[in-house]
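Shared between the two complexes below is chain A, which has chain B as its partner in the first and chain C in the second.
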Partner chain A sequence: MATVQVSEAEKVYILHGIRDDLRADGRGCEDYRHMEIETDVVSNTDGSARVTLGHTAVLVGIKAEIGKPRPLVPNEGYLEFFVDCSANATPEFEGRGGEELGIELSNMLYKVFNKHCLDLRSLCISEGEHCWLLYVDVLLLQCDGNLYDAISVAVKAALFNTKIPRVHISADEDGGKEIELSDDPYDCMRVDVENVPCIVTLCKIGHRHVVDATLQEKACSVASVLVSVTHSGSVTCTRKVGGGSLDPESIFEMIEAGKRVGKSLHAPLMKLLQQEESLGKRRQKVGFLG
Partner chain B sequence: MPTDNKRVRGPELSQSPALFACKAAPVAPQQGPRADGRQRDQVDVRPVFVRCGLVSQAKGSAYIEAGDTKLMCCVYGPKETERKDETDMKCGRLTTDMRFAPFSCPERGSWVQGSQDKDFSLMLHESLQPALCLHKYPRSQIDVNVVVLENSGSVLAHAVTCASLALADAGIEMYDLVLGCSIRQDGGSYVADPSYAEETYCSSDGASDQGRLTVAFLPSLNQISGLQSDGEMSAETLTAGVRTCIEGCYKLYPVLQQALIKAVRKAGPPPSES
Partner chain C sequence: MAADMRLPTLRKTVALSESTSDRKNLVVPGDVITSDTGFMRGHGTYVDEDKLTASVAGEVQRVDKLICVRPLKTRFNGEVGDVVVGRITEVQQRRWKVETNSRLDSVLLLSSVNLPGGELRRRSAEDELTMREYLQEGDLISAEVQSVFSDGALSLHTRSLKYGKLGQGVLVQLSPSLIKRQKTHFHNLPCGASIILGNNGFVWLYPTPGGLDEEEAGGFYTSLEPVSVSDREVISRLRNCLLALAAHKVLLYDTSVLYCYESSLQHQVKNILKPEVMEEVVMLTQHKLLEQEG
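This part shows the complex of A and B:
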């Protein structure tokens, strides 16, 4: 993770501010930074989204390919995640530096975006033989804390934007099956993202916890809790990260706060995505780092 | 991913015969006692067997057995750190490595460490680190290696327990032991310390509150050092689950204390009073 040097005096300043529910950038403890979402940003993908959260910028591209279903679940397609921490975001990621973080992030994505939230059966083409395989590639363009939340929102937006072409299976006289791709570019299948959760990261700083911590705030925190919440408020995944330990009571409070914040995140996000979708080609494109 | 060319790896693609079995889905009963006779909705953890100091070459080691879940842990160090570039002058470094023996699960695993093993290693690291006085070991490294010999559920929880025991056996200064406990939530009821079948069992679709939860707990400080859950649960169920896990951890505590006392006694008889 990208790190910043924070002096003792700065730490005390941040801590005291958070104690009084006022953070260095003027936010309250449960406020997000300004978030920008744009979908359909890369033309070569089947679905893509760009999310900026403060100075954190994430780009997600989804490619759909036809593969063989896993033997254990022959009637379901699946998702593959890869997070690339390129040296663009911070020089610490150069070479193999970002690999560990990349694995950590992609493992978390596997856990969060699983069969509980997506209808994987709709990705099946013919049982046991062919299924859709969604490659979700996440690119970190800029790092300024709170990667998990930004990535989860970006993945949800990209899944919403994903258009999988329809295929028809025709059997010839020998019983062999042939896959036929629809010619019409508008004849496509969408992924139902209704139940897809968002991750909320809560950082314990002092006696309180904050949502969407910046790098400076992260440096003051001993441990954080990730909570992934669906639109109905059920928790699909939790995880403690960081080197410290937490009091059971504060964990309960953080789960409760995560649920509250996550639940309120979904409605505006879906509204925005639908609004952008309805604009169609008339929408003005902003592009990366814009 | 580094591949190991020296080992004969068998055919590229092979599948477990279990996949071809006719699928008479083993429906775990929703009510009544569990397959191994334990009770549902109670903190009925499997009795554990623990021993310290079994590996002679390691600084500290521990072996734990809970039902059919068997794993061992070795601790090496503190020694000079290998990665000079990341040397922290003030603090020691903890490295954790958790591996599954290829034959430990019903499906054969691979020798190279998969992403699941790495994930477990990371969680082990996060659970153990708060308990260690790493500031007492500047510029040095402590290695924790866990090998899962047999996986019969709740592996991560027992790995945490076993690793903290091995660290204590190695004489590494710690604030507290770390205990792990996990539960499987299945609708309105839960099972503590689930077996492999109970852990992987998928209940019918649409049922709410399906999930797994693992907690690592420092009993005398009353702190949670590790928390990991997946599945879909309401916040209330999750909170109740964490409380259950804490209770489960307290049940293990005296067993570990006894094992440590035994190991210390064996290592050196008390000096005579004369």
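This part shows the complex of A and C:
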């Protein structure tokens, strides 16, 4: 993870600021930085999204492929995650530097997004033989703290944007099945993202916790809790990261705050995605050079 | 609790007509500076088919027959007398290494700092052993460039009471090209906070020191007393104003920062960084600056 150095006096300043609910950039403890979301940014994917949160920038691309279902759940498709830490984000990621973080992130994403969040049955084509496999590739373009939240929002937006071609199964004379992809590019199925959770990272700093910590704030915290929350406010996954220890009481408080914040993330996100969708071709594409 | 989500908008810079007309000596890579062969090729240029061409985006500078292009997006090229804000990265034998946004780490020699206990104190072996007590890794300092080594590395000094270790406050890292060179880079702004505009693009915002007890300790005393909420708000507002000005490439000096602060007062601190608010605030600032120039 990109780290920044912070002097003792700066730490004290940040700590007291959080105690007074006024952070260095003027936000309160439960405020996010403003977020920019654009979908359909990579043309050779089935769904893609780019999210910037402060100076954190992530790009998510989803590719649908036909594969074999997992043996334990023959009637479900599944998602594969891969996180690539570009050395553009920070020189620390050069060579194999970002590998560890990439694996950690992709494991977390796998856990969060593969359970009860999508209708995985709809990804099944023929039981036990064929299913849709969604390869979710995440590219970190810039790191400025709070990667998990930005990635989860980007994944949700990309899933919303994903268009999977419809398939028709026809049986040939000797009982074999043949899969036929629809020729019409508009004949596609969409993924229902209603229950897809967003991750909220809460950093414990001093006696309080904050959401959307910047790198400077992150340097002052010893432990944080990740909570993945759906639109209805139910928690699907929690995880503690960081070396420090947390009081059980404060963990409870943090999860409660995470629920509250996470729930409020979904409505504006869905509104934005629907607004973008309704603009259709009239939408001004910004891309990476805008 | 609020999450502000939006679609990205195309970036546009708030430029008043006056600044666009004054672009004669600005070039981008590939621009032909002159086709006259009587000139000498300096930094940031190359000769392409007998024409002197720019290899970086920046400002053309002529000294007699020598033509250079000074890049706008660059690391800090220090000159003697520059005020810098830097962060200690290493403690070595009789010196500290300081990160100052230059290509190489700068050095701060133990002999070029004011140690507590008067200016004329001899530096003993004991001082060498206790260097970390004065400045340790991660600490921020303000200093002045004493000399430039042949490889471009800077040697700093803090032999004045205005320089030394920095206490509580906020560091904003910007491009060095945005800092306007001035007689003084230390300002006590009337809005209730102080600012050090380092020539290296590091800007330090801190509450205006009240007492004089800090100076007696030779610049190594840092107060860890909580800063009042009102001071904090001013500092946060200034921080966001600096970022807004930098995003729209406005030259930073005390007046521009102050005008931006005044223009931003109608908005909440956390809203200043929203693109549309940023644009509005910077626009107002530029108008005020133009008016002031007359």
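Quick note on the criterion: the second predicted complex is superposed on the first by the 288 of 290 C-alpha atoms of A that agree within 3 Å, B and C clash if a C-alpha of one lies under 4 Å from a C-alpha of the other, contacts with A are read in each partner's own complex, and residues count from 1 in each chain.
Following the convention adopted for this analysis, contacts are C-beta pairs under 8 Å (C-beta built on N, C-alpha and C of every residue); 3 or more make two chains touch, one makes a residue touch a chain.
The model shown is predicted, which means the values in this text are computed figures rather than measured ones.
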Margin query: Please determine, from the superposition on chain A, whether chain B and chain C clash or fit.
Written below: fit
Margin query: Under the stated touch criterion, which partner chain does A:R27 make contact with: chain B (first), chain C (second), both, or neither?
Written below: second
Margin query: If we overlay the two complexes on their shared chain A, which of chain B and chain C does A:Q5 touch? Say first, second, both or neither.
Written below: second
Check: In the superposed arrangement, which partner chain does A:C237 touch: chain B (first), chain C (second), both, or neither?
Finding: first
Note to self: On the A-aligned overlay, A:A57 touches which partner chain: chain B = first, chain C = second, or both, or neither?
What the structure shows: neither
Next item on the list: Look across chain B and chain C in the superposition and give the shortest C-alpha distance you find, in Å.
Entry: 12
Notebook entry, point to check: If you lay the two complexes on top of each other, which residues of chain A touch chain B in one and chain C in the other?
Noted result: none
Notebook entry, point to check: In the complex of these two chains, what residues of chain A are touching chain C?
Noted result: 5-10, 12-13, 16-17, 19-20, 22-28, 30-38, 50, 52, 260-261, 264-265, 268-269, 272, 275-276, 283-284, 286, 290
Notebook entry, point to check: Which bits of chain A are touching chain B when the two form their complex?
Noted result: 71-72, 103-104, 106-107, 110-111, 114, 116, 223, 225, 230, 233-248, 251-252, 255-256, 259
Item checked: Residues on chain B engaged by chain A in the complex (per definition of touch) -> 15, 19, 115-116, 118-119, 122-123, 126, 129-131, 208, 210-211, 218, 221-235, 238-239, 242-243, 246
Notebook entry, point to check: Can you name the residues of chain C that touch chain A in the complex?
Noted result: 1-11, 87, 89, 137-140, 166-171, 222, 224, 226-227, 229, 232-233, 235-237, 239-240, 268-270, 272-274
